[in-house]
Amino acid sequence: MCGIFGISGHPEAARLAYFGLYALQHRGQESAGIATYDGTSIHLHAGMGLVPDVFTEQTLSNELRGDIAIGHVRYATTGSSALRNAQPLVARVRGMEIAIGHNGNLTNAAQLRKELEDEGAIFQTTTDTEIFVHLIARNMQNGNLEQAVLDACARVQGAYALILLSGKKIIALRDAHGFRPLSIGILHGDSSQDQAFVFASETCAFDLLEAEYIRDVNPGEMVILEDGKMTSVKIPGSETVPVRQCIFELIYFARPDSIVFGEDVYRCRKNMGMQISREMKTDADLVMPFPDSGVYSALGFSQHSGIPYEHAYIRNHYVGRTFIQPSQNMRNYGVRVKLNPVRSMIMGKRLCIVDDSIVRGTTVRTRVEKLRELGATEVHCRVSCPPLLNPCFYGIALSTHKELIAANHPLESLPDLLKLDSLHYLTIEGLLKTVSHPDNYCLACFNGDYPVPCNGCDASSCSRKSA
Amino acid sequence: MCGIFGISGHPEAARLAYFGLYALQHRGQESAGIATYDGTSIHLHAGMGLVPDVFTEQTLSNELRGDIAIGHVRYATTGSSALRNAQPLVARVRGMEIAIGHNGNLTNAAQLRKELEDEGAIFQTTTDTEIFVHLIARNMQNGNLEQAVLDACARVQGAYALILLSGKKIIALRDAHGFRPLSIGILHGDSSQDQAFVFASETCAFDLLEAEYIRDVNPGEMVILEDGKMTSVKIPGSETVPVRQCIFELIYFARPDSIVFGEDVYRCRKNMGMQISREMKTDADLVMPFPDSGVYSALGFSQHSGIPYEHAYIRNHYVGRTFIQPSQNMRNYGVRVKLNPVRSMIMGKRLCIVDDSIVRGTTVRTRVEKLRELGATEVHCRVSCPPLLNPCFYGIALSTHKELIAANHPLESLPDLLKLDSLHYLTIEGLLKTVSHPDNYCLACFNGDYPVPCNGCDASSCSRKSA
Amino acid sequence: MCGIFGISGHPEAARLAYFGLYALQHRGQESAGIATYDGTSIHLHAGMGLVPDVFTEQTLSNELRGDIAIGHVRYATTGSSALRNAQPLVARVRGMEIAIGHNGNLTNAAQLRKELEDEGAIFQTTTDTEIFVHLIARNMQNGNLEQAVLDACARVQGAYALILLSGKKIIALRDAHGFRPLSIGILHGDSSQDQAFVFASETCAFDLLEAEYIRDVNPGEMVILEDGKMTSVKIPGSETVPVRQCIFELIYFARPDSIVFGEDVYRCRKNMGMQISREMKTDADLVMPFPDSGVYSALGFSQHSGIPYEHAYIRNHYVGRTFIQPSQNMRNYGVRVKLNPVRSMIMGKRLCIVDDSIVRGTTVRTRVEKLRELGATEVHCRVSCPPLLNPCFYGIALSTHKELIAANHPLESLPDLLKLDSLHYLTIEGLLKTVSHPDNYCLACFNGDYPVPCNGCDASSCSRKSA
Amino acid sequence: MCGIFGISGHPEAARLAYFGLYALQHRGQESAGIATYDGTSIHLHAGMGLVPDVFTEQTLSNELRGDIAIGHVRYATTGSSALRNAQPLVARVRGMEIAIGHNGNLTNAAQLRKELEDEGAIFQTTTDTEIFVHLIARNMQNGNLEQAVLDACARVQGAYALILLSGKKIIALRDAHGFRPLSIGILHGDSSQDQAFVFASETCAFDLLEAEYIRDVNPGEMVILEDGKMTSVKIPGSETVPVRQCIFELIYFARPDSIVFGEDVYRCRKNMGMQISREMKTDADLVMPFPDSGVYSALGFSQHSGIPYEHAYIRNHYVGRTFIQPSQNMRNYGVRVKLNPVRSMIMGKRLCIVDDSIVRGTTVRTRVEKLRELGATEVHCRVSCPPLLNPCFYGIALSTHKELIAANHPLESLPDLLKLDSLHYLTIEGLLKTVSHPDNYCLACFNGDYPVPCNGCDASSCSRKSA
């Protein structure tokens, strides 16, 4: 997962990109980068770590000059050479400088990379973004960038929300299925001439900038922004492709104060909790989120079921990226350092814990054991999505097939494995009731119905179940 | 405000102090320090900033040797020379090294400092802690540290929870009123010999270390820990002094997962919310904490009133100590960067916002204006403590008298000033119903009934109302 | 200018590369990088700044695994995006990872870059190194790396000393003219099997590692090191190309304790000083280097002329990269902060100052003015190379034509311009007497006789004199 | 050893103190600090490390306000708590803020500290400076700072050059023997009113600031600077005390471009070399400094003896404080990383190496072995001071008695121990011929004639030979 941002026509473009990325930080914490265009050339600053660690006042004021900017935050991966993968990627193609940021995962990346290498292309990163740049370069004989981007789209398969900067132009687009989100906003200035267009993966970035959310870039749409004018182009062939937006954005990934795919994320999550309560009656003394991300479905569950909601895990707001080893007697320190359960809410209580999803299950088991140690008499778990049975090829690092607990054990065995008294997953039908356009979502991780087959992509998440 | 910690008899004393301070970080973010004793001498490491920024694996492993440690986190103040004020303070007195950490505020600090200077004492910090060290040094002619500490106590007035390290000894004490909290725990090892005593301002530090909470250091008690044995001494004269614990610890300062003064903080806060609901009927569509610290009283309020609780402010978990200036059109950026309201929960709604306290009121007004901008039709405010009418002399930086909005305006004018439809403060009587021993609390900030007069103390909070 | 290093067959390859680069630090201070191969993949760590700032014990021990390593230090340029230009450059070509470090300057870089871009190649850096990688990729259809490198050499013109790592192989080569230096050494271990080959721009790197200097990579030679065996290949066509090594390495750039192009740099410089004394009799009280780099020719001059040598500039060894602005009354602070003249050696003295070269002349004039201010009665200047009349296209950043003082003013006017009593440049003939093979050197910066024409290269040094 | 600096009456006082300390950096690299007075209060910034690492533009511009400043650099010691010892020390005494920096070593420090502790004083550092502050505080009943300083002087014994800031006043003084240096300069501005007085341990600090050297603070003199006026007071009793300046400043410690104790350090060192040549005829092919600090006596030796001087050790100017471990086969890496001998100057040569002093002899032996390994046929050593037979109690960290090689072995055995063909130390008589006032120097380290007895001082250098 990644977050992308773009702004055009603002004298403080880099500064606004900084705050935009700040609001999108939850989409990627490994690296951050901003590229600007000052009328002459592109300036790039990127680095490992969080947005506030990568940029300084000096970087924003002096280095990242210009009134057009794009930015990118990248999800944590491993590898010492990761700095090379920080985006936006800036390159010269046919005498023209371009900068590009990408959110998503190409399913034919491995094949494309091989083809390109066979033609003599060199790769300096392991990102899919670099594949895009190569394809654009190869399709730009006549110097038409927009056409070259469309030609590149014709070659790639899978998920991509892209933001591209070249000269005075910003190009933003989403693949035909629309897997990943991308929204358009307007930042109003003092006069009507003063307005600037902004793009962001989620609308929470607009809120921080006090920009107005206009609409989404549509699946299969390429938007070109130049000199304050926005034009829209349909990616050829996209008309026949069904919209398949990633429902996991709504379940877990997006910030609850965002509007994503036209859905109010907060409301969706509350509805998921209500729906769970409808599907499965629960007898408990209190319902609690498990731990942070289940807050909104837990609220919905509580409001529907009448079981009191308690905010029974306390977050330590000062947890940083510490590398201090714990003491030997600090067992399971990892799950405790950020969140501490409130003893008086646990002791002697029948708990209903609400989680957004269960991937490997290890953290769940450890936490449930701790709750029982603290005196919980019953622990029931409700999950605001169906069982995760299949890996994702479109950009969500959901672990490989063999790590998904629900894919490797019969459902009826899970309560025992997780030390639970009962376990209920929201049904696919129930989940779809929480969204406005149930037909427009990709559910592959639940039902295996992949909109785009995995063509030997080299995503870490891609070790598909054999056979 | 500050947090203090101590541990004796553990081979990884510094490491456990590190994690103890980590859990107490909310009590002070300006500086952090740990002092250890390795059988020969005291080692100190202290620095500006958060606990994870001050200590490294190298510091803990190599520098801070020994199986006895005390630690301190200090609340943010200003001043470039603040590093000198970082604690624990280590000094040689009469050939003996001592380290000392202090939470509280002496009311006769200015007078004592003058007296000591008149006798030729020099001061290298502006902390009250240094006054203590001077008094101890002057009273230790016969080399009896415990007696010298008691003699020092006889001289000082005001609030102090102290932790002191010298040789193999840890001394922990609370002033006779018991203004500031200090608890005792045991860290159990593999065998019964393995146990180590721990001290901490709040029990949440014990939870992280998996230590067991035993009891509090009592008001007016001095506890001496040496060679695994704990002895208790009554501070002379403390018997006749009424217990006056700081009720603001329960309202706002302590972590909700702590037990403080024997009270479960989480429950107390919920009870405050319920009590508000009892005192004042409210008609609203939803109740929301305003923003973070009101969560627990908002929950209590919701459960009593039946008005749905919504977690309608979203916190950006990645906010660091950024010094990037916002763009010019980012008005009131300061209140928005950490917390963003969820639009769909605000628009067209009658809101009941619950705050733990109102000090100056400026943030409240800004946030309420923003809620109205987002479409709230009514905004009612409920506060889980009585109006703050008087400054605190005992260690809580509550601003000076002239900054307290409730002390400078008639109560009936506040809703208008704060742009509210209605405002209700929890009554003193209501507040006292939420605690087990209502007679044991200092309520000076509400009722002006100061247990210890301010004797020209130089606390920043001390510009008392004239007359 | 840059420095390159390589080592193969040593369990601590990265660590030795670190110290090798340390010894080559004078060849480049902008960025440093090391790439290693661990039998499976290439690991890269590179960053802005000096070698000790870029690498940590952790980087060397944990990240840069493997027993083969190459390294690079890069000369200071400007530009905020310079990190992208840090080398070695690591890329995937035709499914194979390669790392490459380059010292030199291609004269047909601009043209090659354009041709490659026209074919669809993308450029992520502004280095000539990336051109090499593209050419290698395009010529490696059959997977033969050595042949592809030779094919690339057939396309490029200008100066290049290259070190390339791929799989278990290190390839080292120098262009046919041999502009830039590259030496081969052996690091002996405890047994005869234990030996490891090393490559370095200068032999001073071998001294630090206690490696034995064997011979140079010859002009037009490609050396391949694999499994402890070294094979040598002649670059096709190189036989007919005259050797044209950069004489400026001997005059100024190389460290005096290095052997470069088979010449003992220390002796060469002393000989230059002696030769100046032979060419021009000087009457002075003392001879002094002006300031650091002239030490060795000043010694030679003193020994031949009998005029006492004085070390009359004192260097501040603690000067770092400070960005503190001087006070307003600290005029010409820049020339004084590192080097302070000893007053008693200047006052009332007739000075003969010896400099290695004069480029723009501004520093000379400022320093001479300061010497006169301190009471020097006469200042004579002797320069250990001929007048610099032409820019360099082969990798030495000698400023452009219009900045070279000797290229823009009649020689006879220079003493006045520089406030000197007299000025003598070493003659070309005199300079050539100081080296063993006078026919093997490029003298273009003195006589304009360019071995390779500048083909629109985009080196900053390349604004050749019109007409 | 330490360096001290002071300036009064300049709007950029902190900035000039920064550059003054920069020039004095050779006197101390452990920590650096500056204290300023802005008309209201004292501001301090101090930290571990070199001057450029401790201060930023921000520190100088915003924190260290005021037109009076003093500064201090401290010599490397060990201990993790060393930050507390960084100076200037700032303290409140009798309601008055003072800042104080000290160079030297009190011989009755241990006794004074004990007496003060017995009276109830507390010590927060291990510096002698803190003793001074206590004594000043105890003697300032009537608020007269100057008198209190003089009273303090009456109590302390040993070496001290002090710089003290309080209110608008700077007080500078040297002990009656004048062990440590301190000079006075004037910084001229545009008009005659614009001038500012400066103090510095060495005049090289004046050169960098372009200040004019006026005179030294005399032994036993206290200089008070206030409102641009300088007054001088004789320390009572100092008249009868013989001047005993530290001759080691001239031999080794001071920068060669400084004037110290009225002596031109460069000339003194050259004279030492000439005197050695007079005392002992040497037959050698070349003379070389061994390594850096012997440059000037080697030059003198060469000029007197006619043996050619060669600068045969090359310094790596980029050596920083690296903590990278060398590889296993890098033997004696420590002596090689900074300085590399030029092979061609060593091989087959009879060398005369000139060192300023020999303390433990270990580095000498290692370097001589390396020279022999590189083919030196003879190695003769000449030392520009007499044998070091006694520790120093006055501030030079010369190791303890048992570490001094000359104190523990017969002189005639040293050539063998150090692998030398011959060894000659400059005689005491010869040394005294190189200075203008031979009676004014302390020679205790050579002849044991201590001007002030060691009274149980706790200097690390103080383990005097028993009996």
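Letters A, B, C and D mark the chains as written, and numbering starts fresh at 1 in each.
Convention: a contact is a pair of C-beta atoms (placed from the backbone, for glycine too) under 8 Å apart; a residue touches a chain by one contact, two chains touch by 3 or more.
Keep in mind it's a predicted model, so treat the numbers as computed, not measured.
A.B. asks: Which chains lie in contact with each of chain C and chain D?
C.D. replies: none
A.B. asks: Would you mind checking which chain's C-alpha centre is most distant from the centre of chain A?
C.D. replies: Checked the centroid distances; the maximum from chain A is D.
A.B. asks: How far is the middle of chain B from the middle of chain C, if each middle is the mean of its Cα atoms, in Å?
C.D. replies: Measuring from centre to centre gives 60 Å for this pair.
A.B. asks: Averaged over CA atoms, how far is the centre of chain A from the centre of chain B? Could you give it in whole Å?
C.D. replies: The mean C-alpha positions of chain A and chain B differ by 38 Å.
A.B. asks: What's the distance between the Cα centroids of chain B and chain D, rounded to whole Å?
C.D. replies: Spacing between the chain centres: roughly 47 Å.
A.B. asks: Going through chain B residue by residue, note those that touch at least 2 other chains and give them in order.
C.D. replies: none
A.B. asks: For this structure, give each pair of chains that are touching.
C.D. replies: Those chain pairs satisfying the definition are A-B, A-C, B-D, C-D.
A.B. asks: Could you list, by residue number, the parts of chain D that touch chain C in their complex?
C.D. replies: Per the touch definition, chain D meets chain C at residues 10, 12, 15-16, 18-19, 22-23, 25-26, 29, 50-53, 55-57, 60, 187, 189, 204, 207-210, 255-257, 264, 266-267, 295-296, 299, 302-303, 308-312, 314, 316-331, 333, 336-337, 340-345.
A.B. asks: In the complex, go through chain C and note every residue touching chain A.
C.D. replies: Residue positions touching the partner: 43-45, 59, 63-64, 80-81, 84, 89-95, 113-114, 117-118, 120-124, 133-134, 137-138, 140.
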